[in-house]
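After this come two complexes, each holding chain A, first together with chain B and then together with chain C.
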Partner chain A sequence: MGEAVPATVESHYRDEIPLPDGDRYAVRRREAVQEFFRAGGFPTATQEDWRFSDLDGLGRTAYRRYPELTGLRLPEPGELPAWTSEFEHRVLLAEGSTLNAADFRAGNGLAFGDLPIVPAEEEEDDWGFVAPAAETNGAGADLDAPLRHPLEMVNAGLFDCGFRVRVGRDEDAGPVLLYSLRRESGHPHMLHPRSVVELAPGSRLTVVEAHDGASETAGWTNPSTLCRLGENAELRYVRVELETGNIAHTGRVTFQLARNARVRSTVLSLTGGKSRTDTAAILTAEGAEVDLQGLFLGVNAAKSDQHTLAIHAARHTTSRQLFKNVLSDEASAVFDGKVVVAPGAIGTDASQANRNLLLSRKAAVHTRPRLEINADDVKCAHGAAIGKLDEDALFYLRSRGLGRMDSHEILVRGFAGEVVEKVPVAAVRGLAKEGLTRVRESRSFAS
Partner chain B sequence: MTPLLQISGLHVEVEGREILRGLDLEIPLGETHAVMGPNGSGKSTLAHVIAGREGYEITRGVIRYGGEDVSELEPEERARKGVFLAFQYPVEIPGVNNTYFLKAAVNEIRKHRSQPELDAVDFLSLMRDRVKLLDFDEDLIKRPVNEGFSGGEKKRNEILQMTVLEPTLAVLDETDSGLDIDALRIVAEGVNRMRSPERSFLVITHYQRLLNHIVPDRVHVLQDGRIVESGGGDLALRLEAEGYGKPAAVPA
Partner chain C sequence: MPEQQRTLGAAEVERLVEREYAYGFVTDIETERVPPGLSEDVIRLISEKKEEPQWLLDWRLRAYEIWQGMTEPNWAKVSYPRIDYDEISYYAAPKSAVADGPKSLDDIDPELRRTYEKLGIPLVEQQRLAGVAVDAVFDSVSVATTFKEKLAELGVIFCSFSEAVKEHPDLVRKYLGTVVPHTDNFFASLNSAVFSDGSFVYVPKGVRCPMELSTYFRINASETGQFERTLIIAEEGSYVSYLEGCTAPMRDENQLHAAVVELVALEDARIKYSTVQNWYPGDKNGVGGIYNFVTKRGKCAGARSHISWTQVETGSAITWKYPSCILLGDDSIGEFYSVALTANRQQADTGTKMIHIGKNTKSTIISKGISAGYGQNTYRGQVKVLPGAWNARNFSQCDSLLIGPDSGAHTVPYIDVANPDAQLEHEASTSRIGEDQLFYCRQRGIDPEEAVSLIVNGFARDVLSELPMEFAVEAQKLLGVSLEGAVG
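Entry: the complex of A and B
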């Protein structure tokens, strides 16, 4: 491996980086980056969807990519955090590698593999997956909007490791851990992991996607995950953001649901840096249901942006959203939630709630629920709340002998519990508890 | 003998308004006293200030408990010394399990008394015992604190907490409000079972009705932030018949 070549995203566009040998999809990838710049390049804060997400600098920084980083060793399975060992299937999405480091086993109806770069619809369908098809009687739903997300295009163009998990028809599998680890390289470097999760009709799967690691030098992590569900499939998806230090995280997860498919998703943000996650659900056929939840436990200057998009493209589809933020110190959060009801999607049932607990006067939150309803006979509810801990409740607990700090902690845990208790994996609930301990130990707690 | 609770010349301001204006009250250990008074007389302020609520500023006077000036103590410090307030409006605490909360409270208080903490098994058997006595729906103890409880269930939950925490001074703030006659009887029985020479009660109420079930040793009338009259149980009956009327004349 020669001397590392720093490169901005744009320099890939300008053909400054030679195409890697043996990458038969290299041209296609470069086209994705070119498409990104044709579409306007990095969004700026003047764009509605990016008002609170400052991407300034991402486009200008000369990030290195694996394998341009020399001397970076992949972690051995034993070096991964203890909580990851509770998973039967672990996949390491690290520094350009998928499978090398972590032990993983196939079986139990699961198939794993490196991700081919061809779009899914061009592949042979040899395992019974039926691609979701839109059933609206109108033409208003833009089902591909999440896939044209600007940073999705960057990921598609630059992804350096890709992984696919499939679960076969009527199988019940998981939990699978997709674990991405950033290690200190001494150089600014960027990661673009890409995962596809596919559930055949009637199957059930639990997937945890975690992004971990710390970096003092500037880093950018830009992962994409696409989850496709066949009819009657059920996915429980948990995303954990654990990165700390000088890292900008911009991630996306998109769910495509066929008839009567169900997704229950939780984004647990424990980031110590700055993180933005876009969660999109495309309900393409009758009876599809999503329940999207999120919890951010913010201390110091951590920032978490949660953007959601639920597209009701068929009749009688349901979406629920509940995003909560606990903000201490100077932590800040954004919730920007959008529900789109396509013409003809009658019987849509959508609800959206954003609740915020501010533990410090310097903490800040921007909340913006948005509804776009183009059909009759639909039920849509949304609401947002921002507040401090309830003084009456604090007095109530203290009047029973519980100390001031403990009373604050009990109330914060109670607030977070609504989301944490629904997380289907004990190891992840343990991470949330650690996050709550950091909140208790934060400077502004109970001050 | 020093009274368990001794309040002298107490002036209390809430949000800059003086609510209690020179209140005197003594409750010896082992006695049950009732404080009655019309709306706005300062009954709930008295309850809260005994429990140590923040924002209730004592501008003059003192609250002694067991001979000690507790005026400046935090609410939890008073609770650990054996003060209990049954709230007029028990607070709903979403996401906090009733049993978990009560176990934490019991063990906090036991720790203060240098008693060993109760483990889950011991605590549960203690709860079962008390729940049965109060005819309390056992499902409610597994739910979040007071969340979705009816008015009567909330009040019974207060008494349940009292029987588990075993305070030395229990202040009941309008525990009868919102209770039907059956619930009232159950609550009163719960209180009466706990009466002992080692424990005192301060029963704050608007109506005499409760005092048919919890018969007090003394009755005090609170009006305009002061105790204006004190007497035996017959005083409550007289007030019920005649009403509180206009404030009693106070010598200048």
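Entry: the complex of A and C
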């Protein structure tokens, strides 16, 4: 599939490049990318949804693609960060190559596999092109919206590695780690991983998706994850963003929930570079519930751009959102949250909150909690707050003999704790603590 | 319970459509107008008719040039068919008002006077509501301004914009476009190119304007747009309260209203600007109605200055309006109080911008949206704190009330903060008129319609209480009328 030379996304999908043999979806994939360019191509800051994440540069950069990226020695699983070994089930990727194919095993009703680039006929919808029909009781909603996300189309067209995790009916499994590592390659390179997580009715699963690595050469990671939940299934999803340096991260995770399914999701942004994540939940049937949380611990010039979308497409569904940002140095954060209540989706209960702690005079925050309500018998509320540490609380701690640094730290940890403590995996809570230590050690902390 | 509510909902909509627009009549009066279409010649013609100085014509032409390169904004949550700007007549004036111009209030065409009487606007000073001076704008021209002399004694200038250009060119030139530049946005640039009239207010240093100043806008002629421009300057330590009302006849075609309002408050000055907007909203199927695309902005230029916007928006097929405050002076204050009601097929995308630049600046936003029938109501507001705006404070509250299953309420706040000292809070809630609330009222012998009116007025009270008394009464009645039959 790949050419030997670096090329922009657009030139990767020019018509004159011959389609590979045997890939009967190649045409469809090319169409997905062409559709992306027809719809305007790479978004720029003049577009409402991309005001703070101008991606124009991504479109102009000539990237190499895996697998022609050679000359890099792949690490052994043992060389990966220690915390990754605390998981019983892991999928380890370096530059998009699987490190631990031998580790793949079934157990506890769990099944792993590569997401085939050329799927078998019956597996067509494993790609997530097809959204489930909603049991909307007459409600009308745009269920495909997250799948028409411009970068989702790029991923659908270019994905070069992918995984499928399945858990059987009424099984209780996890935690599963999906770990992707990028390293300095010396060339601009892009990666489009694609994962599908499926929970059969009544099953429970914990998944941790982590993106790690550092590169001074321009890199681009554009992963898509689709999680499908059957009736009564329960998913705990944790996303950890650890990439740093010159890697641009534009990721998406989409949850599709059937009747009475529940999702608890946490996006932990510990990026040292720039990352944008779109979290979307589609509540397609009565009783579905999502709780979307996020925490960004920003130091230096890190930038986290968190977008959420909760689509209430059926009656009596619930969504909660809580995103918190701690900003030190020149860190900046964007929260763009959206709750959509489809016509007829009465009994919706939605809440959305964004809280920001500014620790430095150069930190900046842009928040946009949005509600779109098209039914009258609903309960919707949202709120946003921006401020610095409470002077009275600091005074209280200092007056009890705590030092300046310590009292600041206690309050910051308390602020972050609301999200961190709900993370179901100890290893990830450890990463958050390391992030908090970096905040304490940042230049502008308690200055 | 859901079943029963749905039936109620259907009845609601049924009854809502019976709502009547009381100001839909047309005044039969001879009108002078330029043919539809927009070109440099049309702009020269408007400027010539108004006997404007060269600098103003040049300013208009610059705006026109820039406008031609602009595209109509599409980010608002409103939908309407493309506007053909060449089908609009950019200037219409009642002949009698233009020919020689009324020398005094007694010279006003009786037909015009009857029109304003029907609207309840006093043009004759004896019959006035106590203490309100009125500037009446009919299509493209100002037809009368009352109490001019009395205000002049205090040095307050209150006149039509055209008159200000002639009598006080230095003031106009000094402030025109300083808050909303001719390059600002699509509709503001269009207005800058073709604006025909409007009101001008100047309050000198230390003067507290003794009466409410009021402008009444009336669109009468068909196939015209109304493009008025209002400029209010409050010098050091002065105070002025300004009211604005608007109506238009019922027509099947959509008419464009693209106004610009600029406020300048210098040190310690205070401007209170209130609007009751009741343009023709179109019929139950969304046919006709005014497109109200307005740019309103105030500059708190001096320290401790204070600008307060209050609006009650019940009319217009589409409202696109964001009265804003630039908080430049230290310790300045900006306020925005809004009630927007959309019924039938009305759409409103309205809100504010509070730009904190000076130190210790404060802003308050209270927005109440009411959606009934198929009405779509969007609050869109920005609070921006720049790096130098130490100790900035903002409180925003945006509540929505939904009446009927097909109505929509949307909230789009933008909060951009670049100073750690800032304290901002934004809260929003959505509710419907509860069965229990209605039951409570009915138990006490209040009929359902009155109960709805009571609940709606209670919902909007925080805003209505900010209006000057005469307007508050009108606004309350308007909310009552607009919701007549909202619950079966």
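In the analysis below, the second predicted complex is superposed on the first by the 403 of 447 C-alpha atoms of A that agree within 3 Å, B and C clash if a C-alpha of one lies under 4 Å from a C-alpha of the other, contacts with A are read in each partner's own complex, and residues count from 1 in each chain.
As a working rule, contacts are C-beta pairs under 8 Å (C-beta built on N, C-alpha and C of every residue); 3 or more make two chains touch, one makes a residue touch a chain.
Quick caveat: nothing in here was measured; it's all calculated off a predicted structure.
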Clash-or-fit label for the pair chain B, chain C on chain A: fit
Contacts of A:Phe415 with chain B and chain C, given as first, second, both or neither: first
Partner chain(s) touched by A:Phe395 [first = chain B, second = chain C, both, neither]: first
Touching partner for A:Val365 - first (chain B), second (chain C), both, neither: second
First, second, both or neither for A:Asp406, with chain B first and chain C second: first
Comparing the two partners chain B and chain C, which touches a greater set of residues in chain A: C
Minimum C-alpha separation between chain B and chain C after superposing on chain A, in Å: 14
Where chain A meets both chain C and chain B, residue numbers: none
In the complex, chain C residues that touch chain A: 2, 5, 9, 75, 387, 400, 402-432
Chain B residues touching chain A - in the complex, by the definition given at the top: 51-55, 74-76, 78-80, 84-85, 87, 90-91, 93-96, 101-102, 104-105, 108-109, 112, 144, 161, 165
Complex contact set, residues of chain A against chain B: 390-393, 395-404, 406-407, 410-411, 413-418
Chain C-touching residues of chain A, taken from the complex the two chains share: 48, 343-344, 346-347, 356, 358-388
